[in-house]
Structure formats: structure tokens, C-alpha cells
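There are two complexes below, and they share chain A, which is joined by chain B in the first and by chain C in the second.
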Partner chain A sequence: MKKLSSTVRSLIASSLGLPGMQELLAQEPPDEGISYLFNYYDEEPLPADKLAFGSPERYTIYSQQLRWVKNLDESYSLTVELLHEGMSGSSPWYVMPDPVAGPLQVMSGATIRENRNQADVALSRRGNGFTHTAALGYSTEDDYRAVYGRYSGEKESADGLSTIAWGLSYSDDDLEPTDAALFGRVESATRDSFSVSTSFTQVLNRNALLQTGVTLTSQSGYLSDPYKLVWVGETVLSDSRPDRRVMWTWTTRFRQYMERSKAALHIDYRYLTDDWSVRTSTLDLAWHQPAGENWEITPALRYYTQTAADFYGPIFSTTPGDGYWSSDFRLATYGALSYRLDGVMRKEKWSLSLAAEYYNSARHLALSGTPQDTPALVDFWRFTASCTVNL
Partner chain B sequence: MTSIHCSISKPCRPLVVLLLAALLAACAPVQPWERGRLAQPVMALDGNPMLSAMDEHVYSSKEASSGGVGPAGGGCGCN
Partner chain C sequence: MIVTGTVHIYRQRFSAMGCPCEIRLYAPSARSAATAFALAETEVRRLDQKYSHYRGDSELALMLQAAFHPQGVAVDSETAALLDFAACLHQESGGRFDITAGCLCALWDRTTTVPGAKQIEAALKLTGWQRLTWDGSRLRLPPGMRLDLGGIVKEYAADHAALLLKAAGYTSGYIDLGGDLHVLGPHPDGSPWRIGIRHPRSPGAMATVAVPRGGLATSGDYERCSIIEGQRYGHILNALTGWPACGLASVSVIAPSCLLAGALSTLAMVQETARGLELLTSSGLAWLAHDGRFSFGEKLARILHKGGRVNEYFELYSVRQCFS
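Coming up: the complex of A and B.
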């Protein structure tokens, strides 16, 4: 089935005020096509003055993703996504005290090499103003497998100015850490994740729209990291986290069209709170500027801040009474800034997108909480190229 | 373990109320022939779903937060 180009759609939407026209556009099938994405992710080495021992080289990850969208008939659409990731490098292992330098990071010595493959199939049905999507997926690594499913639905109002959406997802994950006997790791474990979400999108005026939504996620099972250790007292113990985590996320996205520059300002904000005492805020600002006939250039800035989990510490002088401890830097108090530049070229039959990003995290960038010495905080570069061919 | 704490910090409350009031005030009837700009690619809520999914995957594997609008996908052993 042939889909109208965005230009034609805009012209129709602008020139025809016929009742039901917006309903027709909303029920229009998605663009048929094949998309390919390549992502290069490279973490900067750990500085020598923060390293106790192990390799300072951190992860480099190559990701490739393929997406195929096919309209089966007027009502049904199929989306198939395949992902392959190859990663190599060293991972933060534990933090040890140093009487002079303070906490120092111990890294895994050998270079870890691992692959991840994922397949995701989604079927969508449109009709009577509703869109329903059901999806199944499978992700596999040497030591980790996830089987997951999700359902989402949306309904547009009769006037076409608002949309309400809802969704559910479930993931069943199995872990089988490598070298479990050698390093005293758990041999096998499971964890489950369930989420429920809803969102509301409203056209505010002819130049602005707003979307806001909440998601509740519940994780249970083995939530510790089997590859991380913690310095507790005079010994080193396995990472130990509660076997349940409940998270609330509130996300708001705002789009404002700028008549003078024909550009759009995007403001996205996300707040997360959980029962591990983690609070996070993420603010994304992006300026989408059309350039020339086919290009769109987007400089963007992302700010992230989080407070630590209540069982986080780089080093524990005594054994915590509740039995929970972790020195995983991802549970620390810190903040991060990332700077990004995207370019998109759109033609009638295809589009090409390029993006570069630098991510810098540091404890002094935290907006609240009590930052502690966290030597493993990560900085990385990322380059992404993607293209879509409309069929 | 502490319970979930959902309140907005006190200094931020007037700002949130002001923001919501401004957004409500900004609401205006939009006729079908006035929606051309909203259909522009630069105004898309998610202009490149594949890239957005990769962004979410990268950030959630390095930060303590994950998720956004809509249901999540599967987990990974990313460390």
C-alpha cells in the first residue's frame, strides 16, 4: 500500500477541512520500508590516577540494527527488528581504599568479548480510531537471555487534537554468568520485569503540542550484578541488592514550531523515583532546523542527574545490617552532560541520518544528593548512521 | 529500604503550577486547515524510532533510570 508523503499530507491537512479528514490521516498505515542503523560506542579509558589495577581500557561496542515495516492490508502492519551488538573491553570490578589517593577502581583484567542478538516482531491493527500493537522479542548473549512481550494501544479524539495511549510489557530474563565456579558467582538466576504505562498527547495550538505520560515498572528476582564485587570491611564480597525494585517514571515532551526560522524546539523531561531511593531527572533540549531543501540539522543538549541508591557506597567500612551493598557506579549520586549534533537528509524515496554525541559524567554535575568518590564514572563518544528506504 | 517518594520539591512547585497554567492558556482551537505545521517532520514526537530505541538502550545501560513513554522491551546483561 502506498503512503502519502509528508508534504502531501501537510497540503491535504492544510487545505481540506472536511470532517473525518484527520481521522483518516491518523488511521493511515505507517511508512513501508527498510531501515538500517549502525552505532559505534566508545568509552574513554579510566584515568591512571583512579586505577588500582586491571585494564584502563573500557567498552567499545558496535551495534547494527535492521528494521522492516510491511503493511499486510488496510488494517494490519508488521514490523520486524533485528539487532546485533559486539562488545569488547574491561568492566569496573570493585573499588578499593588507598590511604593516599582515596578510593581507586579495580577493573577486570582480561578483555571481555561478547555478542548480543535480539529479534523483535510487532503486529499492529488499526480501526475505529484505535491502534493496537502486540509484540514479542528475544534477546540472547553468552550469559543472558530475555524473552519479552508487550502490548500498546492508542485512541485519537474525534477532533484529532488529542490522543490517549496505554501499554503493558513483561520480560522474563535468565542469567548464567561465565566463570561462575572460578569467581564464586551465582551459577544461574532469573529476574522478571513488568511495566504498565499511559500517556496523553494534546495539540495546544497550531504551533505547539505536548505529550505527558507515566510508567510503573516492577522488577523482581536476582537484581544484583554477578560480575561486580564490593569492598566490605577487610574483605571483598559479591554485589548484593534487594530482590525487588519498583520505579515510577513521569515523562513530558513538548514541541514548539518557530515560524520565523521554520524550526522546532523540542523539550523532553523525565523524572524517575524508585524504592531504592534513586531519583533521576533528565532534560533534553533540541533545536530541529531545516537547512536547504532536504536537510535538517539538530544540535542538542542533554542533562542528567541522579541520587544514589540507599545501599550504594564506593567502600563499606562495616558490614551493612540489611545485607545490601553495591559499589556499581551506576547507582551513585552523579550528573552527566551530553552534547549532540544530528543531521538528516530526506528525499522522496529515502532518508539518511548521521549523529555524533559526547557524554561526560561527574559527581559535581549532580543537582542533589551527596556525591561520594566514584572513580568509574564514564565518559563516552558515540557515532550513529542510519538510512531508510521507502518501499 | 525507603518507600517511594513522588512529591515535587517545594521550591519547584510554583514553577510547575506556572508551567501548567501557561500550557492551559496556550490551548486554542485548531482547525484542520491550520495543522500543516504540526505535520512537519521537525515537529515529530519521535522522528526516528530506531535511533530513539538505541539512545534508550545506551543510556539505560549506563544510568540508574530507564523507560519513557510507552511499554519497555526486554532486558540485557549490559555492564
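Coming up: the complex of A and C.
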């Protein structure tokens, strides 16, 4: 939409308490346009005192995304997204015991270089308070291929003050790990993932909005990481995880418009639990502050805490009886804080957005669970720039 | 969707909220159209009955009597939301638009003589949003204050009646409440409705506006105005001075809702001409103003330069183009 003045935005915000007004504003077709996004992600090197051997340099990822939205007619619109990602660096391989320093991280020696390409096409149809979206996508890299589809729907209540949404998605993934014979990795494997979700949004008053929703995700197939090893007893074995995972996610989002400062406070909370005993909580706070006629500045803070999967351990002294083990730091007990600053400049025909984020994870940031030595916990920087041209 | 089979166009005229009203609608049968007209008209009359400041028996009148009580009165959610919206308009207009100016409105409404300074001063003492107590659910008024929701309710009624018709499956037509319109959706062939906007100084239309959907509201100093000794006194008052606003002669705005369109056109009307035009120019919405000469948004200007017909008769393009 063309940039609206602060007066018009205040009027819109204060009219939302009236029955039906939400619907009138929501039924506008999406903005047509092309946007380009550039993302730079850089993990900090592994500290020397945590490294056993291998390269301390971790992942650096450049990604570029092109997105095009076109309204086909009054009710149909098409969205096409293309993504290219280039990745390089070393990744954590396994953890080995050290009698003096405790568990140390072994990194993959050679630098990994990989590219990923993805295409996503979505068709939406609006009408009579309903919005339906169906999408298909394809993602490919040297050793990985995924085909996925999703459907989502949305219905507003007659008074326009509440919205019910639902969705289904399915993904079929094929893996063909590189150097499989050399490292004794699985030669090829498949996994699939199915999820259903529903959410409910309610306008509480003219300044506040609350959304709550649940998602059930079921994954099955080869869920281990073919590139990771685990120290078990006196030897190293391939990462071994159950071939099934069922996850429940509960999400709550709250939006409060602040009349005095004309800003919006966003509070998002997400809870995830699965049958691997992983429990995570994420609390995200963001303050969207308009500045001047064209800018919006958003400082944001996110806290994350996770309990470990029941087959996680940095090192296993004996072979677990159930046959499952992993020392992937992403399955450990830890917590993380991330600090973000976004700036968006909106002009009539285009908008520019810049964002920076610093992420810091550590085992002492975990709120619950029993933190173990996890030398590979990562800190990273992320910078994003994007530009949208309205057509 | 009910776009199966043939639809015909039907028209209904009635009078409500002190002005001529019209509904035009595509429906599969006369019977279906009659049902729709009844649905919309009942809704308009419900809001007229509820909020009219002319009727002594309106819900608003009864509520206001109770609002003079020291404890105030509990207000239903629809009225509460309208009061919240009025508060926003009051703030955004710097106090010039004020629904508490009921006494001032009564003083100027269709008057044949210019009210005296003392009368205006007395009415101003009974005016001022800051003088009432409103906590979002209970309203308390100082004795003698009168509320006039006339600048909001008509637009809201057009939106709400249109929403009822949309919910009932009607997708093509419009509701016009004395120049404040809500367009449900374009003609079945996809073409927008062409709606005339009255010239503020001479009979007939000064412009035709093409609107496929959404709200179109026009405020003018010619509506319900008094001409006393050759001087025009419009019904839109500046609640700070107690005198009719003397900026722009006519303002039309296109927005997703008629309420929003009406609010912006009123905000522009209560300001001085230059400030009113500035408000419109920066709004991001499609607009058209008249003040002896036409003014219009940049988007419209470009369209006109291509099409050429700049003068007395031109077209605003679709809402979608104006928003994009």
C-alpha cells in the first residue's frame, strides 16, 4: 500500500474497535511488487580452548532472495520466490574427551562449500471473508533435495474482530551425503515431514490484538545428521537418532499499539515440546517505533531456552542400550539471547529495510534442564538488507 | 459466492439520517434484492434510531441523560468504539473536530441569523472533549453538554450495512447515504461504479469518480449550510472558535472504509485551507478537494495529464490504483 500518513494510520488503528472494520481493511488485495533481499550470516570462530583439532572457522552463509507478487485479478494473486544460498566453513564433527580440558570439539577439517537453490510458487484466492493459499516448492543442494507443498486458509468472523486460520504442509526430502563411502556415511536416505496447524486471532480493543495457535509436526525417516559422529566408549560412531519425531508447538502473539508514542509493542511467545524430550521456550519482544515521516526503527530482544533430547550427550562412556546417541549441540540443553535492530524506510514507490542481529548462546542461559559441556554452542552475527519496489 | 446464473441490477431509495439514501445492487431476483434492501435499510435505521441527535427518544439521548449522573453511565461496545474513534479525531484535528460540540451545532444548524458572540461563548463553555470523563467503558458528561455523532455515524452506517450485505453473499453494488458511500464490489463485468461528486458552488456534478470497492466520503460547506447576508456558513464547525470552518469548500476521499474516508475529509475541512491540503497530500489516500479551484493528489494529476480533461469533469481511477 502507498505510504499512509501518521494521521491516517492513527485513524485506522482507532477504527479497528468497531465491528467489521478489520475485515474492510484486511480484504485489500496484497501489494504488488518485487523485492530483493540479501542476507549475510557469520558464525564466530570456535574458541581455541574448546577446539581439539580441525578448523575453528565456522559457517558463513550468503543468501539472496527475489520475491514477486502479482495480482491476477480481483481475487487471485500469485507469489513467486527464488532463493540462492552459498555456504562455506567447517562444521562441528564430534566431541572428544580430554583428561585436562574436559570435552573438546572436533571440527571438520576441510572447508565445506555448498550451494542451495529454492523456488516457491504460491497462489492465493480471497473472497467472502476467506483467503485460501496453496503453494509448491522445490529446494536443491549437492546432497539434498526437497519437494514440498502447503495449503493454508483463513476466515474472518462476521464482525471482523476475529480470524480463524488453518494449514497443512508436507515435505519429502532425499539425502545423498557426499563422500559416503570414504566416511562410512549412509549412501542415501529419505525423510518426510507433515504438519497441521490452526490459529485464532482476536481484536481485543482498538489498540490490541492477540493470536494463539498450535502446530503438530510429524517427521519420519532418516532424522540423523549424516555428517556428525559421536564418541561412544572408546570409538566414534555415526550420529543415531530415532526415525520418528512428533512435535507440538504452541504460539501466542500479542500486539499493542501505543497511542502516545504511535509505536507498537510486539510480544511473541512460543513453546515446543516433542517426543525426544526437547522442550523449548522463545520469548520475543519488539518495539516498532515510527521516526519522522518515513522511518520505522525496531529494537528487539529474543530469549531462547531449551532442554536436551534424551539421547543427547557430549560423550558417551558406554553404548546406550536403545541405540540412540547424538552430540549435536542443537539438541543440548542451552539458552540464547539475541539482540536485533531493524530500520525500514518507506517511500511512496519503494521501501528499504536494514537489519542487524547478534546471537549469543551458552549453557548457563538455559532456564531448566541439566546443562552439560557443549563446546560447539554458537554465537553469530546476521545482517540483512532488502529493497521492495511497488508496482 | 452467489455469482451463479444471471444477476440483474436493482435500485432502492429511502430517506434516513436526515438525507436521501440509495442502494444499487446486483441480485439474482427481485425477491432477493428486496431481502437485501430490507437488511441494509434496517441496519441504517437501527443506527439512526440509536444515535440520532434530532430524536429525543434515541438511545443516545437516553444514554446522555444518564451520563449527567455523577457516576456516569456504562456504554455498550459499539458506542464505546465510536467514542474511541471520536477521541482520535479530536486529537488528530487539534481539538477542532469535537463531538461534544452538540450545543454549538444546535446554535448554527439551519440558522437564519448569525448567532451572537455571547451565545457562541455560552455554547463553547459546554463544549470540549477534555471536559467529559471517558475511561473506555463509562461515560460522564458535565451538565448541559450535548454530543453530536453526526460526523461519524453516517459513514459507519454505510460501512456496516455494506458488511451485512457482503456477509449475505452480495458482492456487486453500493450503498449511498447522502453522499457517503460504501461500494461492495464492482459491476459483474469487473468495471468500477462511476459516482458523481456534487459541485460545491453550482448545480450538477463536478467530477465522476470510478470506485470498484471501498468507501467514498464527501464533506462540503454546501450541505445543511446557511447563507446569511450573502455569507455562507457551513455545518462543519471549528470547535475551538465556535464558528463554521472556513477552509476548503469540498473534500472527497477514497479509502478502504467510508468511516476512514469521512474522517479524513472532515479533518481536512476543519483546518485552514493550506493545512487541509497538506493533510490530504501527505495522507497516502486518493482525494479531491475544491476551493474555488480543484486540487487533487499527485497520482490523479499524472492520470489527468495523460487523459487531458483537467477542468470541470474528470475521473479518479480505481481505489486499487490509488493505493498502489
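Methods note: the second predicted complex is superposed on the first by the 366 of 391 C-alpha atoms of A that agree within 3 Å, B and C clash if a C-alpha of one lies under 4 Å from a C-alpha of the other, contacts with A are read in each partner's own complex, and residues count from 1 in each chain.
Keep in mind that, in the parts below, a residue touches a chain if its C-beta (ideal position, glycine included) is under 8 Å from a C-beta of that chain, and two chains touch if they have at least 3 such contacts.
A quick note: this is a predicted structure, and the numbers were derived from the prediction, not measured.
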Touching partner for A:146 - first (chain B), second (chain C), both, neither: first
Which of chain B and chain C A:129 touches, first, second, both or neither: second
Touching partner for A:204 - first (chain B), second (chain C), both, neither: first
Which superposed partner A:345 touches (first chain B, second chain C, both, neither): neither
Partner chain in contact with A:164 - chain B first, chain C second, else both or neither: neither
Greater chain A contact set [chain C / chain B]: B
Partner chain(s) touched by A:180 [first = chain B, second = chain C, both, neither]: neither
Touching both chain C and chain B, counted on chain A across the two superposed complexes: 10-11, 13-15, 17-18, 21, 160, 205-206
Of chain B, residues touching chain A in the complex: 1-6, 23, 26-28, 30-45, 47-51, 53-54, 58-59, 62-77, 79
Contact set on chain A toward chain B in their complex: 6, 9-11, 13-18, 21-22, 35, 37, 39, 41, 63, 65, 67, 81, 91, 116, 118, 120, 137-139, 141, 143-144, 146-148, 150-152, 160-161, 165, 167-169, 171, 173, 175, 191, 193, 195-197, 199, 201-211, 213, 215, 217, 225, 227-228, 242, 246-249, 251, 253, 255, 257, 259, 262-264, 270, 272-280, 282, 288-290, 296, 304, 306, 309-310, 322, 330-331, 336, 344, 346, 353, 355, 359, 361, 378, 380, 382, 384, 386
Of chain C, residues touching chain A in the complex: 1, 78, 80-82, 84-85, 87-89, 91-92, 136, 156, 159-160, 163, 166-167, 169, 171, 185-186, 190, 212, 214-215, 255-257, 259-260, 263-264, 267, 279, 282-285, 299, 320, 322-324
Of chain A, residues touching chain C in the complex: 1-5, 7-8, 10-15, 17-21, 23-25, 27-29, 31-32, 71, 73-74, 127-129, 158, 160, 205-206, 293, 348, 390-391
